[in-house]
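In the two complexes below, chain A is the common chain; its partner is chain B in one and chain C in the other.
Showing the complex of A and B:
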């Protein structure tokens, strides 16, 4: 089952820290992360890759992004 | 020597509460870094800091110096073709340069901000988990080079570039390393 982390509205570095905590405690190997600005998207994607996860980024409306992360 | 004359030409009389420090303002970060290096090599006690809000023009920095050394500083900088754009006397606490470091504990993580740059590390592994801030074009490169590495493995940010962001990140990097080493 895919877990979703909503990090919209949070300022840096909180989206990254929540994403790392979610990856470390993830029971599944599939995580969806929602962010609402480009800097958070880049930072979370970079952190996910450094944790050994692959990332697919999808831009959605109003400058928001969905990152689909899978444990490599 | 124009800036020194301008300094002495101020109309406000010197008061006993006046600070003994001044600030050198430059148009670019590269000049701040070069001037800092030259003045430090000359043994002058200076500090690179963020400017007070009324002098801030973006993500800039200033060199704080002891006014007692102003003549010597002017000669050194003129000889190096590095005369500043402006010199500002720090007249009261409202004009003191802002503190560069701010740290925040996020439980398992520690963030240190220096001027416009933030570095966040895992407190247990000392791995850099995030680099952010700035606005300089090399921030993504700096982040790419540092995130995922430990503080001992990571290259020093100053070795990767000479922008303001690289400079500020170097200071944050040194501070977080100092804090993590306890």
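Showing the complex of A and C:
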């Protein structure tokens, strides 16, 4: 089941902290993370890779991004 | 399609390049006339700007530093170019204003922002080791709050004019600097105040300062360079990306200082520094905690302001007010030691910060 994490409007380090928390909670192997700025997108993607997850970044409207993360 | 291109500055190589460039620029700015071991200090330069516009009247620290204006405008330009200019705000504005005040007071007890901690180390100033230890400790306390769910709340999209406000204030200051340039031997030029002696009287030519500020603002916006974030990310999740920039700044400034003969190791009689180790530590601890809670070092707050982030803009304005309070109330240190009310300021500031921390934790 895909879990969605809305980190829009949050500033660093909160999106990364929430993402790592969600990745460490075993229930979700498939995680969708919403962020609303490029810096958060880069930081979350970097953190996900360091946690051993694969990341696909998709730019959506208004400078927002959807990161689809999968445990690899 | 340019947005699909990877941001080359936000890579390990990119952040190291940016840190190195800032370090070299700092050493060269010092050669060009900026104060020793203070070639670029966001806290000191903010304090000088507060003096230049008369918010405080400490005669030795009054100069409208073009570097600071350049930081915001360079970041603004970069953000416009890559379509990252995004007016937002509304995340605990008054708290951020107060964090700016307290951060500046703490930095002026130590005598420098985190950038100057690095530059002072690179100049051989051993007292900065205590500042660095304080900074790390303050940020570490901040990470404890983050682990307890600390948040200042979400920001919302805002109007374009809200996002333009701080860049426009900087344009306004730049206009003043051009209209009322320094006149040799005069403490006043039009509405601006100038220092006749002391650190405020040491400055590089306008063009060099502004160009360096714009360039660094541009690069820092692209790479997210942040000294507080560097320490925080290592402590919080062992993420070294920003730390590489921090270390690159130290190494390059040290290297250039050695080459230019600007490296003078020791504790006594260091430029614009005092030797009261406990207060060097405590001042920077307080500043470090305030930066952590606000989500960025003073430099990063300027760059985020350029991106249209009015939460960061409030921190910046708070820091100008903090500088004014620090000098008007005798909280700021001098080369002789801490100000008459520096101790009280650190104690009260820490109580306020801990209160802000505790009341914004979700867990």
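The criterion applied here is as follows: the second predicted complex is superposed on the first by the 71 of 72 C-alpha atoms of A that agree within 3 Å, B and C clash if a C-alpha of one lies under 4 Å from a C-alpha of the other, contacts with A are read in each partner's own complex, and residues count from 1 in each chain.
Here, a residue touches a chain if its C-beta (ideal position, glycine included) is under 8 Å from a C-beta of that chain, and two chains touch if they have at least 3 such contacts.
Since this is a predicted model, take the numbers as computed values, not measurements.
Asker: With both structures placed on chain A, which of the two partners, chain B or chain C, ends up touching more residues of chain A?
Answerer: C
Asker: Touch check for A:38: first (chain B), second (chain C), both, or neither?
Answerer: Only chain C is touched by A:38; chain B is not.
Asker: Between chain B and chain C, whom does A:8 touch in the aligned arrangement: first, second, both, or neither?
Answerer: second
Asker: Once the shared chain is lined up, is A:46 touching chain B (first), chain C (second), both, or neither of them?
Answerer: both
Asker: Contact-wise, after the overlay, does A:25 reach chain B, chain C, both or neither (first, second, both, neither)?
Answerer: Neither partner.
Asker: Contacts for A:59 in the overlay, against chain B (first) and chain C (second): which applies, first, second, both or neither?
Answerer: A:59 sits against chain C, while chain B stays out of touch.
Asker: With both complexes overlaid on chain A, does A:16 touch chain B (first), chain C (second), both or neither?
Answerer: both
Asker: Considering each complex separately, which residues of chain A are in contact with chain B in the first and with chain C in the second?
Answerer: On chain A, the overlap between the chain B and chain C contacts is residues 12-14, 16-17, 20, 39, 42-43, 46-47, 50.
Asker: So in the complex, which bits of chain A are touching chain B?
Answerer: Of all residues in chain A, those touching chain B are 12-14, 16-17, 20-21, 39, 42-43, 46-47, 49-50.
Asker: In their shared complex, at which residues does chain A touch chain C?
Answerer: On the chain A side, the touching residues are 8-14, 16-17, 20, 36-39, 42-43, 46-47, 50, 59, 62-63.
Asker: Spell out the part of chain B that touches chain A in their complex, as residue ranges.
Answerer: Interface residues on chain B, with respect to chain A: 106, 108-109, 111, 118, 120, 122, 129-133, 140, 143-144, 147-148.
Asker: Provide the residue numbers of chain C that touch chain A in the complex, in ascending order.
Answerer: For this pair, the touching residues of chain C are 3, 7, 10, 82-84, 86, 88, 91, 146-147, 151-152, 154-157, 224, 229, 232-233, 236-239, 241, 295-296, 311.
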